[in-house]
Each structure stands twice: as structure tokens, then as C-alpha cells.
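In the two complexes below, chain A is the common chain; its partner is chain B in one and chain C in the other.
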Partner chain A sequence: MNMFLETLIGGLLAGTMYSLVAIGFVLIYKASGVFNYAQGSLLLFAALTFVTLTDQGVPALGAIAVTIGLLVLTAITIEKLLLRPLTNRSPMTLFMATLGLSYVVEGVAQGIMGSQVRALNLGIDDLPIFLGDIMISQFDLIAAGVALAIVVVLSLLFNRTRIGIQLRGVADDTRAALSLGIDINRIWQIVWAVAGLVGLVAGLLWGARQGVQFSLSLVVLKALPVLIIGGFTSIPGAIVGGLIVGAGESLAETYIGPYLGGGITPWFAYALALVFLFIRPAGLFGERQIERV
Partner chain B sequence: MSEINLPAAAEPIDQVGLKVLTIVATLALLVTAPFLASEYWINAIIVPFLILSLAGLGLNLLTGYGGQLSLGAGAFMMVGAYATFSLQLRVPELPLPLALIVAGFIAGAVGLAFGIPSTRIKGFYLIVSTLAAQFFFEWLFLKFPWFYNGNSSATIALSRGLSFFGLDANSPHGRYYLTLGIVALLTLLSFNLIRGQTGRNWMAIRDMDTAAAVIGVPVFRAKLQAFAVSSFILGIAGALWAFAYLGSASVQSFGLTRSYQILFIIIIGGLGTIRGAYLGAGFVSLLPLALDWLFQHLFSGHVDAGLLQNIQKAIFGLLIIWFLIKEPEGLARLLSLRRTQGARRRLFPS
Partner chain C sequence: MKRLLVAALLAGTLLSGLTPASADEVSQYIPLPTYRVGAYASSGELWWAGERDYFRYINEVEGGVEGVKLNYEEFETEWSPDRTVEVYERVKAGKDGSPLAFFFTHGTPATYALLEKAAADKIPLIDPAGGKTETVDGTVFPYAFPLLFSYYSQASTGINYIAEKVGGFDKLRGLKIATVYHDSAYGRASQPAVEVLAKKYGFENIQIPVADPGNEQSPQWRQIREQKPDWVFLRTWGVSTVVALKTAQRFGFPADHIIGDVWAGSESDAIPAGTAAIGYSALAPYPGGTDFEIHKRLKAEILDKGKSDLRDQKLFGAVNYNIGLVNAALAVEALRTGYKHFGARPLNGEEGRWAFEHLTIDDKRLEEIGFKGLLQQIKITPTDHEGGGAARIQSWDGEKWVLQTDWIKADHELLNPLIQAGAAAYAKENGITPRTPETETN
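Take a look at the complex of A and B:
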């Protein structure tokens, strides 16, 4: 029983790390209908910039400020050079454009800052904490706390500020929002910048976990089933999806894995997502589209 | 969406003559190519180009014609390659061409299985199914030694090479003609498929599946057909990639990068066109060479290989974006614009 609880809690906490990546996707999908494949490369770019700066002796806070500045600049550039010319194109085209974008961001970031593995130390010790007999990783606990804080901040931003209300308007009906005089280009810039910030947080936490290198951008592939389960349009969905995937993965690896020779995590989340999709084709919290001819 | 301008009269005779001439010239060029090009060109550029075109063709049937986005092209290629290996190893009586066809059918069946979710899931949600295939087969073929016959490096290679019916196709020329023959046959097959009812059904579903269902297109069957046919072709392309080009392959030869590469081929070449696959594959095979050559001349080899790779990657990404913005219908459309005006446009759903 303890073993089960430990696996479950460990999985749930790891799941919040997936959620962090997934939230960045949801933000952009909600506001611009773009499935942003480049979120992973933005995450890598953010973490890589931070590590490079701190390696050069820049204090952590300064490095974060510079990274944020660069992310905002990137968001504006993306909006101007990619989103604006592709307005009103099919979602597939936009998706493929972000695939191209991920190549550009990865190529440029690694070309300038190198592709070797860098260690990233956030000053959080990964000590186990014992709750009764159950061992919990302190690092995971802090990561979960950060994810929670981000969700609270984002929901305040969405529900209480003027920009947030505009954002929801754009997400709800782009044309109606435009006719009310909402500056959609600025909204896109803001959303991409916010998604970049969420990517920075996720990148720092993931980077501290597994080192900063190319494989960091592959967490995109971890976040995808999370999104599918939660639905593309819902932030709470991203959290719930992350918890389901995290718990499912670690339980499956412990209890089903041994029968299949182990190492099933890379595809298990996808299999799980498929099962969920068969029951709810738009995810748990996603909006169902009504189809018209 | 697009107007269909049927030509009022038959094509002028001189144009027909031109067409015949072009076809004859192309055929002559294809047959004599091995004697015109060096061995290096055949081995390292022409054969992989042909195979990538074939893979692009397979994916284009599914994504370009059927409108079902797939990120798992590599998985179906992998199935084809490993199935061919198993068949050649365990059923040695089966000659290579038949083994390739059977492997194609196995890949087709696998594609069908992973296509089943498409009948309920649409759009982006569908990429989960194809990605599941990608990761599942990478795991499967690495995990169980049966698939690679327990060999210590976990790679697969044909022990008897590429010989069948007393012919030996192991020389560069042999590989070229084998690949060319298969590619030509499958291209012909695809041409006929998309010109017939099957292809029309796929395009109707791509353009709007609800409307297609309303006018009586069997959506369920047509989608599964698209998955099966596409995977059949991808499977054979995978077997060729492993044995006619690489010689010995592993799971890494068909990783996610390969899936993206095939997807890029059809985006750049032109979604929903047959020749798009060839144009895209040509572009994808030649671009790295051109960039290499350029950097060699610009910096005379002073650029570090890792940096070069990253620069190539960035340029590649930029080109993709540029293509999507400027010419969303790919190179094929540029060609057809020059040739005929008012030709039927094949649009990707918008």
C-alpha cells in the first residue's frame, strides 16, 4: 500500500511538471487557435539563455530579467513575421509553420550558445521528505507549488485585468473582438510573451532536473498527451491532464512495465490519451465543436 | 472554393507532341542515369532521393489527399523494414519482391489499426494516434531481440543482400534499377487510385468531412483506406531505405526526425499532388549539399560541424515558414502556374 501511495504521489508531482509545459500550449491555442509546436524550443531557448548568462557570471536575477526581455522580443518577432502573414490560414498550415519555427529557434539558440549539456542549479536540493513512511521528493513538491502559483496568477490575469478580458474575447470570437476594437496583434504578442514566460519557468525546472540540452525541447512530446486528455482550450484541463498522465505513467511503469520488459513510459501516455479520446473526442475539458456544412 | 475551368477544346496537337517528347526524354534519362552519374551520386543522392520521394508519396496520399495529419511516417517505414527483414530471415523461400509486397501489406495493416481512431478523432487530436505508433514501434523493435534476430548491435541487414530470381541487385546500378522500378510502379498505382473513386472520396473528406458524409461518401471506409494504402507505400519505402540505401538499419533510422522530414517533403513539394513528393524530396536531398558546398566555399572548411548543422537547421526552418507564407501549395504549384493557367487547383483544407 505504501509503495502504491509513493508511486502515485511521485507520479502526480511529476505530472505537474508536464502541466507546466502544457499550460504554455493552452494559452496560445486559446488566443490564436495555433497549436504551437515550437513551445518546446522556446522552453529550450529560455533555459539555454539563462544558463549561458549565469555561466558568464551574471547574477541570477539579472539573467532572468535579460531572458524575459529576449522572450518578449521573440514573441513580437514571431507575431510580426509569422502569425500576421499567416492570418486566416488553416490551422494545419499554422501548425506546420510552428514546426518550422521550432527548427529556427533550436538552430539559432544552439548555434549561438552551443549544443553541449549544461548543468543548471537552482539552489533547490533534491532531498527526500518523509511523510510517515512515504518518501516524497522535495524538488517535485516545489515544482508542484510553482505550477499551482502560475495557475493562480494566470487565472487572476484572465479574469481580473482588462487585458485578460480582451484575451478571453479574442479566444471566444476573434471577429467579434476585432469589431469591438480590440488590437488583436497586440493580444497575440502578449499571449506569446506570457507563454514564453511560462516556458521559462518550465525550462528552468526541467533543466534543473535533466540538464539543459537539446532533449529539453522534446518535453513537447510529453506535454502533448496531457493536452489531449485535458483538452486544448482549458488551463484546469492541462493541470488535470498532467496529473492523470503523471500518475498513470508512474503506476504503469511500476505495475504493468515488468510484464512488458519495462521502458514503456515513452508511449504509455499516448496510449492513455487515445483511450480518453475514444470516450471524449475533445478531451475532458475541451470545447466540443458543433459541425455545420 | 476554386473554380474548375474545363478546357473548351482538346489540347492542341503540338502540345500533345511536346508532352510525349517530355515523357520519352524523362524515361530515357531515368534509364541511362546510372551511366551518366558517378557511383557516389547514385549511392548517396539519387537512390535516397527516389526512396524519400516514395515515402513522400505515401504520406501525401494520407495527409495531402485524405487530409489526415500524420506525424508517424517513420513508424510505418520502420514496420516495413523490420517485416522485410523477418520475412527474408524466416521465410527464405519467399523471393525479395514478394517479401517486399508482404511487408507492405503488414505495414498497411498496422497503418489501418492506427487509423481506426481517425474515425472518431479529428484534426490535431489525431496526431496523438500517429505519434503513439511512432513511439510504440521504436520501443517494440528495440525491446524484443526477436525483431532484430538478437544481433548485438540491434541492427537489421539482409544476409543474402538484394538478390532475387538469379539477379543480383547489390551493385549501385542494381540498387538504382530496383528502387526505380518499385517507385515507378507505386507511383502509377497512386495515380490511378487518386483519379478514381477512392481518391475523389479522400479529397471530399479532406475538404470537408461532414459535407462528404452528407452526400454519401463512406467516410469511415475511405479514411481507413487512406491509412492502409499510405502505410503500404511507406512500408515499402522503409524497406528500401533500410536495405537498398543504408544496407543496415536500426530503429534510429526511422525516428521522429524521419517522420518530420517526410512531412516537410510534402509541405515543400505541395500537399495533394503526386509530383510534389518528388519536388520536395529533391529539395530536401539537395539543400544540405548546396549549403555544405556554400559554406565550404565561403569559409573554406573553417566552420565547426556542429555549428554548421545548427545553421542548416535554422535555414531549413526559415524556408519552411517562407514556403508556407509565400506558396502554401508548394513547388508543384509554382510549376503548374507556369505551365497552365486556370488549371484545377488542389487546395489543402482552409
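Take a look at the complex of A and C:
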């Protein structure tokens, strides 16, 4: 029983790390209907910028401030050079644009800051904590706390601020928002900047776990099943989706893996997502699209 | 008209600058499929710096190999086998009058993809410490060279080192040795050898796969904690090594009882793991460090003169840089062997095969070329395309790799029948009649 509980809790906590990545996607999808393939590249760019600055002797807080500044600048540039000229184009066109953007961001980031693996020490040791006989990861526990804090902050932003109400307005009906005088370009800049900040947090946590390197951009692959399960438009959905994927793949690897030769985590998450697609195509918390025909 | 004339003159001047200085001076063409961007760029960037620095040293300081200059050219592949195949197709006819003497695949998947094609084109594929293990048998695979250290040799050397640590081979009986491996052709490649070794020495063989990319390994290390192995052989790659070391620390498995294989033992693996990597050991057919004669020569002639391809000179002597040096030296010494036999002119694929099959680097030669301690003695023959099969062991002290042993040889008596059986099965499946090198003339 202890083994089962430990696997379950470990999986749930690991799942919050996936949720952190998924939240970045949700923010942009909610506000613009764009599936931002470049989210992983932005995550890499953010972590690489931070670690490059700290390697140069910049204090951590200063490095975070500069990185945030660069992310905001990047968001404005993306909106002006990429999104604005493509306004009213099909979602597939926008998706392809973000696909291209991901290569540009990765190439520029690695070209300027190098491709060497960098160590990132956030001062959080990945050590075990014991609850009776059940071992949990201190690092994962803190990551879960950070994810929770982000959800709270984003909920406050969406529900209690003027910008948040505008964001929701754009998400609900872009044309209606435009007719009310909401500056949609500014909203997009804000959303991309906030998604960049979430990417920074996710990048720092993932970077501390596995080193800051190119493969950070590939953690987005973990976010896809999370989004399918939780829904592309819901931040709580991203959290719940992450928990389901984390717990599901951990339990599956431990209890089903040995019968299938092991190493089943990558496809198990997608198999799980496929089941949800059949049962609930919009995800657990996603908005059901009803179209008049 | 006047503008046209000026443009023509300008074009003529520019083109004349691109013409080789002397039509008689034909250099040996060496294409390099590389990966400076993408998921594996962190190792590639240093690897190509090592290869390029050594080739530049040979050209500029030694005047080429037996007077023949090396014309090396990079092609970005992002470690993608299909792109490497595309590069191969583009370069297999050679360039600027030079045929292709060999083709560095720079990756096991690419070697697999090109195996049959290169054999048909009679171009040797060079993949040190990689490739398909059965290709050690040159009678079935005349054009594949998994030089230095096959995957079977890696398993055997690892077990030999564990035996040394526990006080002898008899002490292996009853031990549990787990292999945590990247779930890919590379990761699974050593399994037949470990199985045979487990039978011979009586240890329990536990195999635990980690799916790519391996950035979450709690289930695997929970299994380790439950099964309590005495040693772990880590056959991971890229991010899966870093995460393995960190997760092992969390689950309380001691780093000094983990032995990584060749591709899990560079600074890129150890530095990001922080304190979790202290005491971790790895097989080193390519040891790290700058305490070798060749590094002194390169520093004086290449680095200090600003000619190095290294972006950050602090990484001079990193394991991946040294991989590049060793691989380049193997190519240079093979070409030298060929030039001495066929004459100092660019070689073609068949001549390249002969050159590699007669490559011998003994202690004396290692001293001369400055690779003593960095490269093992090697003797390739038409029947043995590995030619070495040994590694040193290095341990991570928190800042750098520290060599722990001299060269430890694999148990070839045990491994050769396994290799020959695999090669024979391949020959049967593909209708290949194994060659009889003793009857060949050259």
C-alpha cells in the first residue's frame, strides 16, 4: 500500500511540473485561439537568459528582472512583427507561424548564449522527505507550491483586475471586445508577456532538475496530453490535467510497465489523452464549441 | 555596357579567388556531418571543435598527412539520421578531385541507416565507440568500423571494473547489477553481452528502461530502491543521465556505485547534476583533461594563436572535445597508413578500407603523436574492426573528471563468439557470403 501511495503522490507532484508548462499554452490559446508551438522555445530562452546572466556574475534578482524585461520586449516584438500582420488569418496559419517562431527563438538563443549545458542551482535540493514510510521529493513539493501560487495569481489577474476583464472579454468574443474599444493588440502583448513569465518559472524549475539545455524546449511534449485532458482554455484544467498525466504515467510505469517491457511513460500519457478525446473532446474543463450550422 | 564590363571583371576577380592555388595539389576530402544546433548541440559543439582543431594542426603544423592536406567540410544534421543519409548521398562521389576514403557517421542511428548503402558503394563508415556491435566482424561487414570500443566491450569493461572494486570476479556471484538504459537501439545494444556475463559470473542481471527523453525517472529509481542492486550500470544519453543521477540521489542510491558508459560520462552529464554526480564513475575510452602531450601542442600552435574552433576555451580538454581529437587522430593515422601503401594521394573507399584494416597504433606511435594516455593501443585487422576494446575509468570530483585506472580490457574471448554469431545471422538473413581476408590481395 505504501508503495502505491508513494507512486501516486510522486506522480501527482511530478504532474504539477507538466501543468506549469501547460499553463503557458492555455494563456495564449484563451486570448487568441492560437496554439503557440513556440512556448517551449520561450521557456528555453527565458531559462538560458537567466543562467547566462548569473554565470556573468549578475545577482539572481537582477537576472530575473533583466530576463522579465527581455520577455516583455520579445512579446511586443512577436505581436508587432508576427501576429498583427496575420490578424484574421486561419488558426492553422497562426500555428505555422508559431512553429517557425520556435525555430527562430531556439536558433537565436543558442547562437547568442551558446549550446552548452548549464547547471542551475535554485537552492532547492532534490532531497527526500519522509511521511512515515512514504518518500516524497522536496523539489517536487516546492514546484507544486509554485504552480498553485501561479494559479492563484493568474485567477486574481483574470477576475479582479481591469486588464483581466479585458482579457476575458477578448477570449469570449474578439469582435464584441473590439466593438467595445478594447485594444486587442495590447491584450495580445500582455498575454504573450505573461505566458513568457510562466515559461520563465517553468524553465527555472525544469532547468534546475535537468540542467539548462536545448531539451528544455522539448518539455512541451509533456504539455500536449495535459492540455487535451484538462482543456485548452482552462488554467485549473491545466493543473488537473497535469495531475492526471503525472499520476497516470507514474502508476502505469510501475504497475503495467514491467509487463510491457518498461519505458511506457511517453506513449501512456498520449494514450490517456486519446481516451479523453473520445469521451470528452473539449477536455475536462475546456469550453465546448457550439456552432450554428 | 561599361557597367556590364565592370561587373564581369569583378565576377572574374572573385571567382579567381575561389580557384585552388595549385591544380596539382589535391587534398583529401573529409565531410563531417555535425550537430551544432538541436538537442545534442552541447556535445556536438565541442566534438567538432576537437576534430577541426586536430585537422587544422595536421594541415598547418605538420603540412598535412604525408604531405596531403585535409579538406574538411561540415554539414549540419541536428543528429538526424535522415539528414546524415542526405549528406552521404551528396558527398559520396568526393569533391574537387578527391574521392571519399571514409565517412564519419557521428551517430549510431545514422550508421544503422547507411550500413547497406555504404557497403554497396564501398565506402567505409567510421563510428568509433558506436555503431552496430556485430560489425566488429569485418568478414561480414567489410565497410563498417565501430572502432575502439563496441557496446559489448562497454558492458564487459564495466563488469571488469566492478569485479576489481569488489575484490575479484568470484565476488560477483550473488551480486545484483542493474542496467538503467535509454530505451533505444543504443541503450539496448549491450543487453546480450550483460546476459552472457551474468551467466558466467553468477550475478543477477536487472534491466530497467528509461523512455526518451527521460526527464522524469521516479518510477525507475523506485524500482531500484525496491530491488536493492549493489551496482548500477548507467547507459543513458543526454538529459536522461542528469535526471538519473539526481533521482538516484533522492532515492538514496550512492553515486559511487553507479558506472556510466561512454555516452553518459561527459561534463555535460555531470555539471548539471551538481552534488548528485560527486563520486559517479564512467567508462572513458576518451578520457577528459588536458594532461596529455597533444594538448600542449594544440595549445601552443592552435589555441594560443587564436585558431581554435572552441567557443569557450575553458572547455579545452572536456570529454567531448577529446572525443573529437581522438576520432580525428584515428582518421589521420589510417590515412597515413594508406598513403604509405598506395602513395601520397587522396584515397578512394576501397583504399580507405584497406587503410583502416591495417591501422596499428602502438605505444611508440602514441608517444610520437602525443596521444599516450588519451588513446588506447589499437590494431585493426580485416577480421576485427574494433581493434581496441578497452577503457579507463574516470570519476567526477564535483569539478572535473579524475582518472582512476589505466586501460581495462574487455573480455574478448567471451564476446567474440557472440559477435560472430550475430554477424553470421545477419549474413544468412541478407544472403552475404563472408569474405576470406587471407585470400585477398592488395
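Here, the second predicted complex is superposed on the first by the 291 of 293 C-alpha atoms of A that agree within 3 Å, B and C clash if a C-alpha of one lies under 4 Å from a C-alpha of the other, contacts with A are read in each partner's own complex, and residues count from 1 in each chain.
By definition in this document, contacts are C-beta pairs under 8 Å (C-beta built on N, C-alpha and C of every residue); 3 or more make two chains touch, one makes a residue touch a chain.
All values derive from a computational prediction rather than experimental measurement.
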Partner chain in contact with A:106 - chain B first, chain C second, else both or neither: both
Partner chain in contact with A:206 - chain B first, chain C second, else both or neither: second
First, second, both or neither for A:117, with chain B first and chain C second: second
Contacts of A:261 with chain B and chain C, given as first, second, both or neither: both
First (chain B), second (chain C), both or neither touched by A:97: first
Touching partner for A:137 - first (chain B), second (chain C), both, neither: second
First (chain B), second (chain C), both or neither touched by A:166: neither
Which of chain B and chain C A:39 touches, first, second, both or neither: neither
Touched partner set for A:52, first chain B, second chain C, both or neither: neither
Chain B/chain C common contact set on chain A: 106-107, 110, 115, 261, 263-264, 266-267
Touching residues on chain A, where the partner in the complex is chain C: 3, 6-7, 10-11, 14, 17, 106-107, 110, 114-121, 126-128, 135, 137, 139, 206, 209-215, 218-219, 222, 249-250, 253-254, 257, 261-267
List of chain B residues in touch with chain A within their complex: 69, 117, 120-125, 127-129, 131-132, 135-136, 138-139, 143-144, 208, 210-211, 214, 256, 260, 263-264, 267, 306-307, 310-321, 324-325, 328, 348-350
Residues of chain C touching chain A in the complex: 36-42, 44-46, 183, 208-213, 215-216, 218-220, 222-223, 226, 238-239, 242-243, 246-247, 249-252, 268, 271-274, 276, 311-312, 315
Residues of chain A that touch chain B when the two form their complex: 35, 81-82, 85-86, 89-93, 95-97, 99-108, 110-111, 115, 221, 224-225, 228, 232, 260-261, 263-264, 266-267, 270-271, 273-274, 277-278, 281-283, 291-293
